[in-house]
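Comments concern the structure below.
Chains: A, B and C, in written order; residue numbering restarts at 1 for each.
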Amino acid sequence: MRSLARWTAVVVTAVLFLLPFAVLVREGWSALGDVFDDRDVPFVRSLLNSTVVAVAQTAGQVVLCSLAGYGLARIPYRHAPKVLYAVVATLMVPAAVTFVPTFVVVSSLGWLSDLRGLVVPGLFSAVNVFLFRQYFLDFPVPLEEAGRLDGLSRWGVYWRVVVPNSTGLLAAIAVIDFIGSWNQFLWPLVIAQDSSTWTVQVTLSSLLTAQNPRIPLLFAAAAVSLLPVVLVFAVLQRYLVRGVAETGLSGQ
Amino acid sequence: MTTRRTALTFWLFVGPFAFGLLAFTYLPIAWSGYLSVFDARNTVTPTEFVGLANYVDVLTDRAFLDSIGTFTVFAAFIIPTTVVLSLALALLVNQIRVARAFFRSVYFLPFACSYVVASLVWKMSLFSGVDSGIANTVFGWFGAEPLAWTGTVDPPLYWVVLITARLWLQLGFYVILFLAALQRIPAHLYEAAWIDGAAPGWQTFRHITLPGLRGALIAVLTLNLINAYQAFDEFYNILGDSRGYPPFARPPLVYLYYTSLGPGGQDLGRGSAGAVVLALVIALVTLLSGRVLRRAD
Amino acid sequence: MGVEVGRRSFFVVAGLLGLAACGSNTGRGGSTDGTLRHWYHAYGEDGVQDAVRRYAAAYPGAKVEVQWNPGDYDSKIVTALQTSAVPDVFEAQVKVDWVRQKQVVPLDDVLGDTRDDFVRALLESQTVDGHLYGIPQAIDTQVLYYRRSLLEKAGVTPPRSVDELVDAAKRLTAGGVKGLFAGNDGGVGVLTAPLLWSAGLDFLSQDGKAPGFDDPRAATVFGKLRELNPSLLLGAPADWSDPGAFVDGLAAMQWTGLWNLPKILAAHGDDVGVLPFPRLDASGAESVPVGAYSAMVNARSADVAAAKAYVKWLWVEKTDYQTEFATAFGAHLPARTSLAAQAGPLRDGPGKQIVEFVTRGGRIASPARWSARANTALSDAVSRIARQGAEPVGELRAALEVARDEIARLDR
């Protein structure tokens, strides 16, 4: 009896969770062919932009943040604690609250409507540095020492020993970054003024808030925009789950 | 290795990131402090010093205070429902034996979806105001008149749309968190309780599961709070239109967006003052809630 | 005959609305090179986008890229003007702020000897401190469309006062059909101006030096929008500017643009009636809002002279394009009297009536001195009054304060 109730709850919830995806496909099906015709809005262009932005941002973030996390965890530099403090302090200020001043900085650099303006400010994630640092603190010292004995420098040890033994966490953080970057909206909305730099979320939003939305087209475009992330989700879910658990529970 | 070489190696690793943090976090914060004491309407290089006038403006601006109120209402709804529902789902999934991975994936899948896409489905289909909208169809079976979900302010039906959209998007994330934490509770605790005669159910939940989830609960509450505070995407896309944004249900970031960059604003001085105030508020709230939560243990 | 009426109408429009336009010739010129970026908001009428892209491609002086902007176009323009050299050319209605911040350039010399051909009131509305900043592209107006048969069935006569409108909307609301559609925001966006006019008020006083709604009757008239609220269609798939709700029979009346006339006639034929916005009482007047998106040049453009040359080519010289733009995709009134003859759908029936509404009661809907911030304050107040039932007097007092500040700021 209890197990029946449990199963009903699980299945009904699952149906509710899948319903929005079914709606997307059903409403958008008829217009699927029109999506790739860039007449009304540069949808294909924005798919490309999103791909460039998400890939560049993911790669950049993983490289920069893991390097910094390793440095902070393992290099006995006198001022390292102060630097760590400066990194952690920014965790208190959510990036979203600083979007206005960051917009000012980026526009002064001349990076409005420029892919650099979309990618670069998002590369420096204090959360990721913190996660990498926690992980590298526990990285087995003997492994590193073996590398040093083979004559590798710190830099060499990092790339030849540490990175190959940390692919799990690297992949976990990369997957989270990719999905986050693909789905981000506020920052591209502010920076991508010119339609040649719109990301797919900006394009969808401009169609959605238009005076006379073309509804089937809108749903079809949204469905297509989901494909890359759903693919990443399906293939790399294992890492994603780990990433979520790490991100969420790291503070303890 | 000499100190000097250590320093060099350290900056080789940390330097690029530190430089970026300086340029895109610390510099903007400093710049917004600077802008916030100038009349910076329609310009990023202001010349007229106005002292604390922007702060006075912001703190007496009804729209700003309303935005804090909106956030409070939103948080008061979304945080408890998210915690309760995600915990319930995690417990359910944890208990079933067949197809557990499948259901976990299903609940987690919306995490891959953007707020823009969810807004689209919620606004144009699930809660569309016409009678063919899915919610209106379902209510229609029971003889109800079609409702304008996003357009009805009195009572504020738009909250139903906003809250359910966010629940759908974020529940899976917290389910995964709770599942990870559940699996860290040692099985022998349950076995011991069973031997001691504790009935599986409320008693074991109260005395073993809940204490074991303490850390996860704190994480879920904190992350939820920070995310609710940064709400923008679904508000903008569900309630905004080609002419702008209505005067209700403006969370802080929507307020900042329209004050600094909207057609009725373009006031970067006031926007910066608002950003500074909000940054202080969020830092304070995070610290306080962290302290309260830890003391409650 | 229709031609005659059309031409005369334009002169009367000009006479009623507007006053002498003045300007000076700054005489700039220059060479053209590089690509020009030209922004439009997203027109709902089919074919406009193809047309403007075709015009841009035909320009011999430079490569022109057209950007179509669905969504919140006003915000985009204001943000872009602040820091960006893109767009070079865009459509909008002039704001004094942009002129004060030197974000747009004067276009007096672009008109040349065609100045007298443009409807003077329109030029006047795009003029700040004696300089012209926008070349009017076409005249838009909005009217109340209604279904004769539905009104007859409900036993109501076409509303000629605001109270009659409230009553008609209430009685027409039945069986899944709403009385009136005036936008998903409950009419706040498009009815604020006509409501002010209906009570003999306005955004600004006659001389533009004070708010024009410092009057207890403003509270009365926005209270009417509150009374109207239960009979309004909300949450329609497309907003007020699209004829969809009216065409599909979701509402018995709709406030929408003249541009939708062809689609509405195609759907409902002889069943369509049109009205101006009614008056509140004897001191107000029937009105229709008149607006004109105008072509402007961004002062930060990499090549201002090239941008001006392009504007001159498209909106002054290419009269065949201007005629097509105004008349071929939904109905608009051309901005130039010499082209009025071409406005086919406006020669008889409801189209002809609408031209008469414009002549008799056309009002400029977006004065340059009415700043965006003042407008936001007023529409927020109206929204709270109409949608949330807020107390009108206090709400309007707050909006008045902002409006006074803004007017004072413009003259500082």
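Just so we're on the same page, contacts are C-beta pairs under 8 Å (C-beta built on N, C-alpha and C of every residue); 3 or more make two chains touch, one makes a residue touch a chain.
Going by UniProt, the chains are A = Carbohydrate ABC transporter membrane protein 2, CUT1 family; B = Carbohydrate ABC transporter membrane protein 1, CUT1 family; C = Carbohydrate ABC transporter substrate-binding protein, CUT1 family.
Since the structure is predicted, the reported quantities are computational estimates derived from the model, not experimental observations.
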| item | value |
| --- | --- |
| B-C or A-C - the one linked by more C-beta pairs in contact | B-C |
| Chain whose Cα centroid lies nearest the overall Cα centroid | B |
| Interchain centroid distance [CA atoms averaged], chain A/chain B, Å | 16 |
| Chain centre separation in whole Å, for chain C relative to chain A (CA means) | 42 |
| Centre distance in Å when chain B and chain C are each reduced to the mean of their C-alpha atoms | 38 |
| Residue numbers of chain B (touch at least two other chains) | 44, 124, 240-242, 261 |
| Residues of chain C engaged with two or more neighbouring chains | 42, 70-72, 79, 82-83, 237, 239 |
| Chain A: positions in contact with at least two other chains | 107, 190, 205, 208-211, 213, 215 |
| List of chain A residues in touch with chain B within their complex | 6-7, 9-10, 13-14, 17-21, 23-24, 27, 64-65, 67-68, 70-72, 75-78, 80, 83, 86-87, 90, 92-105, 107-108, 120-121, 123-124, 126, 129, 154-155, 158, 179, 182-183, 185-186, 189-190, 201, 204-205, 208-211, 213, 215, 218-219, 222, 225-226, 229-230, 232-233, 237, 240-241, 244-245, 248-249, 251-252 |
| In the complex with chain B, residue positions of chain C that touch it | 41-42, 70-75, 77-79, 82-83, 97, 101, 103, 176, 184-186, 188-189, 233-237, 239, 250, 372-373, 375-377, 379-380, 383-384, 387-389, 398 |
| Chain B - residues contacting chain C, complex | 41-44, 62-63, 124, 128-131, 145-154, 240-244, 246-248, 258, 261-267 |
| Residue ranges of chain B touching chain A (in the complex, touch as defined) | 3, 6-7, 9-10, 12-14, 16-18, 20-21, 23-29, 31-32, 35, 44, 89, 92-93, 95-96, 103, 105-126, 134, 168, 172-174, 176-177, 180-181, 215-216, 218-220, 222-223, 226, 229-230, 232-233, 236-237, 240-242, 252-253, 256-257, 260-261, 268, 271-272, 274-275, 278-279, 282-283, 286-287 |
| Footprint of chain C on chain A - complex, ascending | 39-41, 107, 112-113, 190, 193-195, 205-213, 215 |
